[in-house]
Amino acid sequence: MSKDGLKIVTIGGGSSYTPELIEGYIKRKDLLPISEIVLVDIEAGRHKLDIVGEMAKRMVKAAGLDWTVTLTLDRKSALKDADFVTTQFRVGLLDARVKDERIPLSHGVLGQETNGAGGMFKAFRTIPVILDIIEDMKTQCPDAWLVNFTNPAGMVTEAAIKHGGWKKTVGLCNVPIGHRKMAAEKLDIPEEDLFFKFAGINHFHWHRVWDKQGQERTHEVIDAIYKPTDEDQESHLKNIHNASFHYEQIRALEMLPCGYHRYYYAEDEMLKHSIEEFEKGETRAQVVKKTEARLFELYKDPELDYKPEELSQRGGTHYSDAACEIIAAIQNDLRTEMVVSTENNGTVTDLPYDCAVEVSGVVTSHGFEPYNWGSFTPEARGVIQGMKGMEETVIRAAIDGDYNRALSAFIVNPLVPGGVVAKDILDQMLYAHKDHLPQFADKIREIEENQPDTINYVDELMKSN
Amino acid sequence: MSKDGLKIVTIGGGSSYTPELIEGYIKRKDLLPISEIVLVDIEAGRHKLDIVGEMAKRMVKAAGLDWTVTLTLDRKSALKDADFVTTQFRVGLLDARVKDERIPLSHGVLGQETNGAGGMFKAFRTIPVILDIIEDMKTQCPDAWLVNFTNPAGMVTEAAIKHGGWKKTVGLCNVPIGHRKMAAEKLDIPEEDLFFKFAGINHFHWHRVWDKQGQERTHEVIDAIYKPTDEDQESHLKNIHNASFHYEQIRALEMLPCGYHRYYYAEDEMLKHSIEEFEKGETRAQVVKKTEARLFELYKDPELDYKPEELSQRGGTHYSDAACEIIAAIQNDLRTEMVVSTENNGTVTDLPYDCAVEVSGVVTSHGFEPYNWGSFTPEARGVIQGMKGMEETVIRAAIDGDYNRALSAFIVNPLVPGGVVAKDILDQMLYAHKDHLPQFADKIREIEENQPDTINYVDELMKSN
Amino acid sequence: MSKDGLKIVTIGGGSSYTPELIEGYIKRKDLLPISEIVLVDIEAGRHKLDIVGEMAKRMVKAAGLDWTVTLTLDRKSALKDADFVTTQFRVGLLDARVKDERIPLSHGVLGQETNGAGGMFKAFRTIPVILDIIEDMKTQCPDAWLVNFTNPAGMVTEAAIKHGGWKKTVGLCNVPIGHRKMAAEKLDIPEEDLFFKFAGINHFHWHRVWDKQGQERTHEVIDAIYKPTDEDQESHLKNIHNASFHYEQIRALEMLPCGYHRYYYAEDEMLKHSIEEFEKGETRAQVVKKTEARLFELYKDPELDYKPEELSQRGGTHYSDAACEIIAAIQNDLRTEMVVSTENNGTVTDLPYDCAVEVSGVVTSHGFEPYNWGSFTPEARGVIQGMKGMEETVIRAAIDGDYNRALSAFIVNPLVPGGVVAKDILDQMLYAHKDHLPQFADKIREIEENQPDTINYVDELMKSN
Amino acid sequence: MSKDGLKIVTIGGGSSYTPELIEGYIKRKDLLPISEIVLVDIEAGRHKLDIVGEMAKRMVKAAGLDWTVTLTLDRKSALKDADFVTTQFRVGLLDARVKDERIPLSHGVLGQETNGAGGMFKAFRTIPVILDIIEDMKTQCPDAWLVNFTNPAGMVTEAAIKHGGWKKTVGLCNVPIGHRKMAAEKLDIPEEDLFFKFAGINHFHWHRVWDKQGQERTHEVIDAIYKPTDEDQESHLKNIHNASFHYEQIRALEMLPCGYHRYYYAEDEMLKHSIEEFEKGETRAQVVKKTEARLFELYKDPELDYKPEELSQRGGTHYSDAACEIIAAIQNDLRTEMVVSTENNGTVTDLPYDCAVEVSGVVTSHGFEPYNWGSFTPEARGVIQGMKGMEETVIRAAIDGDYNRALSAFIVNPLVPGGVVAKDILDQMLYAHKDHLPQFADKIREIEENQPDTINYVDELMKSN
């Protein structure tokens, strides 16, 4: 930290989440001796950056703080002497997410924006950029912390640590926060009186919970959430949207699942529901696009100098707050218990030593110290190892642009059925995202030259959005 | 071995495969100093045992051998002083396999008789019996070798070694034999001039091949089998029955897949084809039932004293021959190279130390010595770990009869989609196989009492076969 | 905890350390709702128990507390409904330790009361007793915590957890406490402003340290303690008693050693010094016996109702305080950072999953949550794996009484040279400790019958003490 | 292989062993289509090369073969298009070995030319040279096999594979050959009728043996070799030279040790005996120097065209024959069972994946296929892990010339007591070997400038040889 105070740089500063981030800093102003906040974006995001950036300035001013808020498109210069770099960018913006979801769904296959076909493509687009940012950081701010909450947060964090060599990386997600709150509520015990232990990988983790008397309460939470009531028995999961887990399976696990396990444990219902959304033109990306447009309309209001309530509907609530929390904890050696994507180093024995895992631990000034986890039972072990093998394949393909490897990843992904359809979707998505996949340029050119059906399919599908 | 000679006991001796087994012994008469062959079956198989047993006697006699061939329903007595026990029984006969296949397919889900829903139920039925046989062996023939080729051979072998504690178990399968022959043919090199290395688990393994000059030839075999020809390009996999692997994926693996990988790597085509078979009433079990009926008609012929050509259409060809080969190799310390399901002990680093793996190695008089394999690349590692996690869950459920665990296994099995359908199929199959699942008796009673829909569904479906 | 309050039972209650324990409870009276403290000892310790027990009662009274202090020789009854059981017993009392040290030293071999020949014999004597205590606990207080600080604390803790199956065991040692204090002093930073991470096994661990700014300060502490000053250079380690580590080696380790590493890293000086002590009749045990006699004289004073200063010279200072600290932390879910011997479960990747390790972590109401450590560099990895292999061999021999295994342990122990001398010492110690080694009774009888030299040697040696 | 035939290059061709090598090739002339044998040496070895090289030519001629035998000092050119490169060089010749042994022994510490202080220094001298040879091979003969039998064969092989990246390396040793012969003799069973399984690291491995009936015979061999006879009982290991293992310990291991285990398991006797040799001026190196001088006198005889009997007294008998055997097996895909130092890859689960191990397996045309071994019991596991940690530290120090690391290796080596003496020996040996340790040049200069005692000690000691 320079003598003037902390410099925090946010890549993807034009995001609609920025006000939550700014609010988080303001809430922690006593812990964070900030001198400058730099919001960085790219040319395509300039308009959003201007709107949200001005609002950020108003928020800081309203809080009576003298922090400088800088808006810039020059990433490299922005990184100069940064203490913390947070990443919340989205390569290709929400339009890319629309493609991530709608192309697979048009084949009756889940897009799933983090681990499914969509997530794999988000990784293909994002990983080269995060590695590029790290290259800049090596010269501009070699001691800075990288706080990543760009999805797929697990794979991006793994790429940053293992392939970028940036050890001072922490990956964040809001999912564990929600699960803590839910368990506390079900047990009717204040969250701070419970001890939580999470382990797994991003969007694919489980957790256990104990009370102050040292009793494990996991089973009670499982019962409170998943045990079918008489009413459920009758309706037999009629409401697919709330596709639930099988109580019996969760009892076998003896751990609480995370929300995203729904895509695996309740695959058929989730697929059915997603196809309905697809058919109505209301996939998550499409809904979010509208929400976001409304948000930016609000942000334009020169009187608005606080985070509007509507942002909490955006879906990623708590994300930015978690980022502020970890920054404050590192800066002040608070030893706060958090759930973070970090280098495994044997924390989860079943997964590769050098991969990223998402686990509970303590945030210190020198980094994240995970609690040891050990091994899973076979019920959980095999599937998470399967997911990690897929992730590693995706990360390698994202870096080397090897089409064969990308196809391998598609085939082994449990949300994509192996066979002809896997290759069709892969080829269509490569073409659809061609502007953001330089590593696959040769293959995309080959598709453009030889596969007119692929091109027509995508062009027709996107026209209809 | 007693001074009179070898005693070989075959559990499931009434199988249509028995003539191949007898032929295999006869072919190796110089290596096998047999005194008695005992064919054991249960009451329900008595008729088949009589027919095939008489034929076995004729074969031995025609070969001019003085071996005693004994037919019996008394398993325990039969095991007394056995040197080798081979297991080829099928709990519930082919009718059970019909259910294994048709119930899942009626929901549009692959039955897959070894690793899918069908395979899991075959494990539920078979594992308690194999453990029972081992209990008998502990007192009757504590030094005997157990040569298992009852499917699912990998899970049954793992149960025998890990849970039954019978270290002298080898599990056999004919799949690697076929792959060796195919590679030799494609390379136009005699099989014995090639070195093969297989690793994985039963029906889920890969292999590599080298020639006498020390060159790896795996890629050439991949190209010869999987590289699309111009003609393929046009037909674009029209013939679903021959659903092929994606050449690009196999190149990424840098190993040759086994035939059963089709169910995972070409899942959609395999499913489509299986549903067609289902609709025509021609699932594999239904076809095999007819083949078998024809075979037993042939076997009845009192003039027939050799293995009829028609048996090779039965599907399991080479199976029994592999059993005879391994018996001869153990008996004579031949150090024959084979592919065997055996205790892992670190051979495949990625899988649990105490599980069963199917790998290449050398058969000695003291057992199977596997060649070390080490680790897989991520493309293969994750999926096989996923399969093994499922297998371990199945094995534990087969032993403890825990319904929650059985449901867990169904949900994590990649051939069964998670969700409502998984539980529906599980419940229906529990009911359908109720006569052979004593460990699940309580749950089955519960289903019978509370789930009339389940019962009606199965009864209707089975009526239509 | 019963509604009356906590019941804490101390096995080996007649120890001279008991006043520190009582003082520790009194200091934490606001955190510990104690109803009863039970001090248990055996007949041979009755005299000491009476003295120190009366003093304990005076201390509690002087503090104005209404806690019941009970003295008893009936261990089983004492354990009834205990909440915490602490173990500080010494099988064979200090006389046994005299033998542990003097027999090896008479051969020019280090006795080393925790990991050397002496430590192995202390394990042989102690482990059967701790397993016996656990058997009682299973029926008397199945939910109690076992807080062990009987040496060799690592092996005793491993036996309790792995062989006794008592998961709620924590092993304590005062060594890490001293090292924390020393580092804080050298850096001139308050201990609570530093973050320490210890890993290894009892009396064989290393540590690293960071400051509040996130900087690792390990190297500075290494330099402050171990870098030779000009004066050192001249004296070239003249003072053998303070036998120091080679600065260069510690730099290669990049971790701080613990004091007991001296026996390995400065083996020759330690041995020379120990032989001098042996020759003067002043081995540690002999010195401690005198200290203890003086202490009990003090304790007899019916006016003394506080821990006398002289106890701190006893050597084990901070031990009992650590026990009180961990009891308070468990009772109140304090999440205190401590260094504890606990089940590995992959915390230290290089050591067996089911062994005991001594590592940093957080004490919660449901137990100890270790921070993950991962792997050591080769400089440290090999030796600690060697120590653990020796420990496991010792523990197994302590349980099964297998002489061959005991000899194996002696030969692989780095403080005992392999060969004739190893066996001579082993046999002599078996005979010398015969009253406390029921598991080796047959072998000891064999020695008594066939090895008169062994008996004479010991009898002569012990006469001279 | 070129169309003319095999080119085999031997580095250290002037060795007294070369006649055994040539004899080995001649014996296998039908399997080895040799065109050229190149014997390479350095200037200091030119005289020996000329003598032994001329004799090699006479041997080939006498066998009626047309192989070209080339003698050269130009290593790089010699390597051009080689098919096999064998390494049997000794950096610093036997004079270096004299120092390796005598300096430690002058302090009462075992020199032990392979794993002790001597072995560590032999590694320091040899590893940079082997890596240099590999650099040449990368351009001159990228497909050649490297057959190493330069000691310490395990560390040199590990360096070649892991640090040099030369996967086609096999390390050979004659020790397993002798143990096979001894077991066969003790059991009175032909060696080829036994199955041996060795595992461990070079000069630190164990083995088990089975007969053709599948019975393990390890215990019988243990009894035959190590069970004390009545006579032994009386003499109680009087003859220290034949320092024996403790029978009881070997029974606990349930494996046969190798001869070099004597230095660890019977450390005190071995040390006493070595000190006697030292005092008589008859350490192994000194004896061998005389043997070698006599051999070269014999080799000079222009009539001698066969390997003289005297060579078998040299100690390394069977070494060269093993090299010829493995070359023949690779060349002809013989699948011969051998014991080879090779990359671990999980063969021995307890040791690092990427280290070298010495294990049983099969030699194929594409390389060595080890039989899987798995884990050791604690009795053996800890010590071999300790040795490997030491070896890895030595290898790293040999490459990076880090003095701190070298000192670490000395301190953790079980044959060198930790403390002042470790550093004294290290410094003295660094000075003594200064001509062959360029990587330690800076440190050696520092010693020369600041440690006159070190220099005087070595100079005096070496004068007396």
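Points to keep in mind about this one:
A, B, C and D are the chain letters, set down in written order, and residue numbers restart from 1 in every chain.
The rule is short, and it goes like this: a residue touches a chain if its C-beta (ideal position, glycine included) is under 8 Å from a C-beta of that chain, and two chains touch if they have at least 3 such contacts.
A quick map from chain label to UniProt name: A, B, C, D = 6-phospho-beta-glucosidase.
These figures come from a predicted structure and were not determined experimentally.
The chains in contact with chain B as well as with chain D do not exist; no chain meets both.
Summarising the inter-chain layout, the chain whose CA centre lies farthest from the centre of chain B is C.
Inter-chain spacing, taken between the CA centroids of chain A and chain C, is 47 Å. Between chain A and chain B, the centres computed from C-alpha atoms are 43 Å apart.
With each centre defined as the average position of its C-alpha atoms, the distance from chain A to chain D rounds to 55 Å. For chain A, the set of residues that touch two or more other chains is empty.
Only residues 193, 195, 197, 210-216, 330, 332-333, 335, 345-347, 349, 353, 361-362, 364-367, 369-375 of chain D touch chain B when the two sit together in their complex. By the touch criterion stated above, chain C contacts chain D in their complex at residues 236-237, 243, 246, 248-249, 251-253, 264-271, 378-383, 385-390, 392-393, 396, 402-405, 407-409, 411-412, 414, 417-423.
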